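One chain, subunit A, appears in both complexes that follow, with subunit B as partner in the first and subunit C in the second.
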Partner chain A sequence: MSRTRSKGWLGALPLLAFFALVFGVPAIALVVGAFTVQGRPSLANLAQSLQGGYLNAMIGSVRLSAVVALLGAVLGTFLAHAVVTSRFTLLREAVLTASGVLANFGGVPLAFFWIATLGNSGVVSGLIGLPSGSLYTFWGLVVVYLYFSIPLMVLVMAPALDGLRPQWREAAANNGATAWHYWRFVALPVLTPAMLGGVVLLFGSSFSAYATANAMVGTVVPLVTLKIASALTGDVLIGYENIALALSLDMVVVAGLVMAVYLPLQRRSSRWLH
Partner chain B sequence: MAALTGLEPVAAVAKPPARPRVWRGVVFLLAAAYFLIPLGASFWYTVHTPVEGVSLSAYGELLTAEGFVRSLLLSLGLAVATIVLVLLLSLPAMLAVRLFAPRLRPVMEMLCTLPLVVPPITFVAGIGTSLRVGTDVLAPTPFWRTIIAVQDPGFPVVLVLAYVVLVLPFVYRSLDSGLRTMDVRTLVEAARNLGASWPYVVFRVVVPNLRSALASASFLTLALVLGEYTVASLLGYEPFAVWIVTVSGSAGQLSVAVSILSLLLIWLLLLAVSTVFGREKQK
Partner chain C sequence: MFTYRARAAGLAAALTVVTAACGAAPGTQATTQASQGGVNAATATSAADFGGFDKLVEAAKKEGNLHVIALPPDWANYGEIIEKFQAKYGIKIESETPDAASADEINAVKTRKGQDRAPDVLDLGQSFAISGAAEGLFAPYKVQTFDKIPEGQKESTGLWVNDYGGYVSIGCDAKKIATCPTSFADLLKPEYKGKVALNGNPTKSGSAFAGVYAAALANGGSFDDIQPGIDFFKKLKDAGNYNPVETTPATIEKGETQISIDWDYNNAAYAPQMAAKGIDWKVNIPSDGKYFQMYAQAINKDAPHPAAARLWQEFLYSAEGQNLFLKGFARPVLMPAMTADGTVDKALAEKLPSVEGTPTFPTSAQVDAAKAKLASGWDAAISG
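Presenting the complex of A and B:
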């Protein structure tokens, strides 16, 4: 047994090697490329990626993701609470299943759904007299992104809300707490980690979304993913690829920062919900 | 009424059931409107034209549409290859970590979560650069053929490699929860002591116990690969999701029809996952 024991970890080797090659090499290429201008080490790409139109796109992406994450978190929590406290098992199951489907429904088809609904020749936009082009704006994107963000939040929050024991509410009420007191001092503190996790998840999924935005707004709304794509596909001058790499590095840093804020908060958490 | 009588908390407990029900109804109505109207409107969009009236021709056109079958087959092929490769890589690794190298476990967990943090588009940027540089650097060596073959437009292996990384977090999570439900160490040691070879242990002892976890990992991978757009389009290939965008320019109705079908497909796949898992729970 000792011989197999010492060799057993070799089973993990293919995956590690694969990861080093397929994830590691592009990561190195990304970092090296971001710091290279015409074959020489330089900070020019990064500097340029944080100016003018590129900076606007980054700010636009962060703003969009933040708005979607906060709105989605609040609305999703309300919906999850309505679902969890509902007495109709069938309705509850239906909403949770639908959330599972819609949370996975992003990308190109989502954009086409909304274009068919509220786009320039959409079915509903004509009925309600929506001015043409209003879907292809910042707030149009928010409305569309909420379509997968709210269900995602419902999936995150439903188990957490299920974990709230009715006894806590009774205990609070017996001590003279109002509903507001109960939520402010008992339920929300217990739910905070799950909500934060949801916000981070929602932020990340909108921040990195490209397919929906590309199919929907093209370049009307400045977003960092759209900028990276146009710099990569080379419809601009040679040398812009490295700007794309610098922008990508900026994106990874933003995503990493969001995770770095979230992880310590999450670690202190879920003492009550298990 | 403002005076505290001590009876009020009791009244407060008795009251809530009436109010939240109205509130809940409003929430459900708003949610239903927001989520169902686009569904209905999209369906109407596909079946109704001012000229022809109502017809299902958009769905009929699908099969004959240029590129539909080709792109769908390509996507399915990529999905199958991704499923096979990701399972071949992750299952032995996870078993090895569980049985022999528990200290590798945090490393593994981190590696398998990393792709979630990194936006796919930045991953593509890195892959594209590596391929370009790699083709130049490897040109004088025999590996050049490999890197060219990997990018074959008929079956882009590079997409399979990228997809394996992208689905790793989901596969890891479902296999991990599957492995949690069984005592791997005891099972494997018992089988080994009875003289079973390693392949026998893996395929006849471990895999059958993991059936539902493997199925859910495969379904999730299938759904992800079929809908994947970012990586494929930026590397210049045309699987299914990229084809829909191409066709949307000339045939709007068709692209919305495909979108509805893809929602149905996701729904079916998730249904399959939940029935597989549901059956497991009942055992």
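Presenting the complex of A and C:
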């Protein structure tokens, strides 16, 4: 047993080396840079990244990602359930294919798509009398992010929902369970790992999104990715690079915290599947 | 045991490859320099150092390539400038990342030191030119017309030289807007609700930063005090007039940014482009806040094509190059001298948006202070 294990580890060596090169080296550079001010070790970058506008941006990003993750998870699960239980296979195929495409829709094209539809002179905003500027707000951005988050959730949930066996529902019914009982005590516990995974995935994708927000809301909605971009590249600020690295480190910590909450929960709920 | 040795050997092999690769780049550079008949192009500070302009052209042609970065073809007519240079000297220009920012240019110089794909020449925001020169990244070079460039618009040894510039202006879609705004005060009028956009984010884009600076000048601020400009945009936001979408030709065409604060050469260049699409794009220099700023040209000290880089500078500061900037509605640095000696293209000069008075410039210390203020104050004013 131990022999096979050590050999298996060797097989992973190329991957680990690759990982160390493309992930490890930049990560080390990031940490070193975040703790350096003008060539000397210092905590000033980190301190500055956690106050004023930078702290605001971090809070803004977490808030936006949390709202998108929760709304996206709930709506995506309902949609996935509707599609999976539908009698029309054509509809099911169409929705799943569309989800695969839309889940990868992002960046400036997505922003422009929404601007053309619901922007100040958008095609639809005139018809429904949308007040000017309403797309360029926090909630406007939530709607746009949901556009790719819900399909992503559908993709995550559809296989999990397929795994719910009809026999379980019948067995529950035979024992006198109502639909509520079935969902509360059978289906939801089984689905929880997939749902949690989906929430984490959605949180991550909106937490790291940049181009769409940049094209759509500029600095009106404070987001940490936009702050990093301003500090790192541009025609205005000089010498803010290490603050950008400190902000990235903050993002790593937030992502780590989310994973730290997710992993134990996931471990607990995945027991149901064994 | 066997595994351990195999791994060690692999590591040694990998290291050899890496060191060999590192050694290769400076090697190629050394050969380029040696091939110029005794002249070291990398240290030449004028055409005379090559033994005259013709010798410079010869050396540049021998190098055959010029690597440029951050030159958008629709910005200050760079597209045509690149074409003309290639046609005139038969030197191929590799234009990389046209939409990069000044910070990216400086990064490219630093991170690709000694590599063949490092940028040869740079077109930088003023403060990046000053800080880059202080860091010793540029080569001093005086173009033939160096003495005609006004004082204050060049570094004394030619580490950087201003190339072209413009005023902050207000562009406006005259078909959709009944009366185009001609001042910053106008922009607060209720009729412009949700319509006033900037070309970018002021903590990132030079033109948007200039827009805030100009707004400061219009509202009782000064080169020392940008706060009134930040306050102005807060007022604009509170009035519902501020439009956070960043202007591009596409957003203008779509009608999403019907009023746009931008350099006059960008706005003026949009006009004929938009006219073809049935949009009447009008450009006004705001009467209450005039802010003029120039970009600067510099040569990478470690340029992989040092002679071609110098020839490019000579081309940009020749009457031909300067008139090409003018064709892109940018105001070239030699315009006063060329107006005096009659080499300026008068028809092109007349097409520029009119402006009264002579421009004044903030010092780099003033600009730095304004940027620091903006970095901390902009989000607080505009977000929410």
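Just so we're on the same page, the second predicted complex is superposed on the first by the 238 of 274 C-alpha atoms of A that agree within 3 Å, B and C clash if a C-alpha of one lies under 4 Å from a C-alpha of the other, contacts with A are read in each partner's own complex, and residues count from 1 in each chain.
Keep in mind that, in the parts below, a residue touches a chain if its C-beta (ideal position, glycine included) is under 8 Å from a C-beta of that chain, and two chains touch if they have at least 3 such contacts.
Computed from a predicted model, the values in this text were never measured in an experiment.
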> Aligned on subunit A, subunit B and subunit C: do they clash or fit?
Replying inline: clash
> For A:A116, is the partner it touches subunit B (first), subunit C (second), both, or none of the two (neither)?
Replying inline: both
> Can A:S65 be said to touch subunit B (first), subunit C (second), both, or neither?
Replying inline: neither
> In the superposed arrangement, which partner chain does A:L10 touch: subunit B (first), subunit C (second), both, or neither?
Replying inline: both
> Is A:A229 touching the first partner subunit B, the second partner subunit C, both, or neither of them?
Replying inline: both
> Once the shared chain is lined up, is A:G176 touching subunit B (first), subunit C (second), both, or neither of them?
Replying inline: first
> Of the partners subunit B and subunit C, which touch A:S206 in the superposed model: first, second, both, neither?
Replying inline: neither
> Thinking of the overlay built on chain A, is A:G218 touched by subunit B (first), by subunit C (second), by both, or by neither?
Replying inline: second
>> Of the candidate stretches 242-250, 260-268 or 368-376, which in subunit C collides with subunit B after aligning the structures?
In response: 242-250
> Do subunit B and subunit C touch any of the same residues on subunit A, and if so, which?
Replying inline: 10, 112, 115-116, 121-122, 214-215, 229, 232-233
> Considering the complex alone, what residue numbers of subunit A touch subunit C?
Replying inline: 10, 52-53, 56-57, 60, 112, 115-116, 119-122, 132-133, 136, 214-222, 226-227, 229-230, 232-240
>> Could you list, by residue number, the parts of subunit C that touch subunit A in their complex?
In response: 3, 100-104, 107, 125, 127-128, 131, 193-195, 198, 200-207, 209, 237, 240, 242-246, 250-251, 254-256, 258, 368, 371, 374-376, 378-380, 382-384
> Residues of subunit A touching subunit B in their complex?
Replying inline: 4-5, 8-16, 18-19, 22-23, 25-27, 29-30, 33, 78-79, 82, 85-86, 91, 95, 97-98, 100-102, 104-110, 112-118, 121-124, 146-147, 150, 170, 173-179, 204, 207-208, 210-211, 214-215, 225, 228-229, 232-233, 241, 244-245, 248-249, 251-252, 255-256, 259
>> Taking the touch rule as given, give the residues of subunit B at its contact with subunit A in the complex, in rising order.
In response: 8-9, 12-13, 16, 20, 23-24, 27-28, 31, 34-35, 37-39, 41-42, 44-46, 88-90, 92-93, 95-97, 99-101, 104, 108, 111, 114-130, 133-134, 161-162, 164-165, 192, 223, 227-230, 233-234, 241, 244-245, 248, 252, 255-256, 258-260, 262-263, 266-267, 270-271, 274
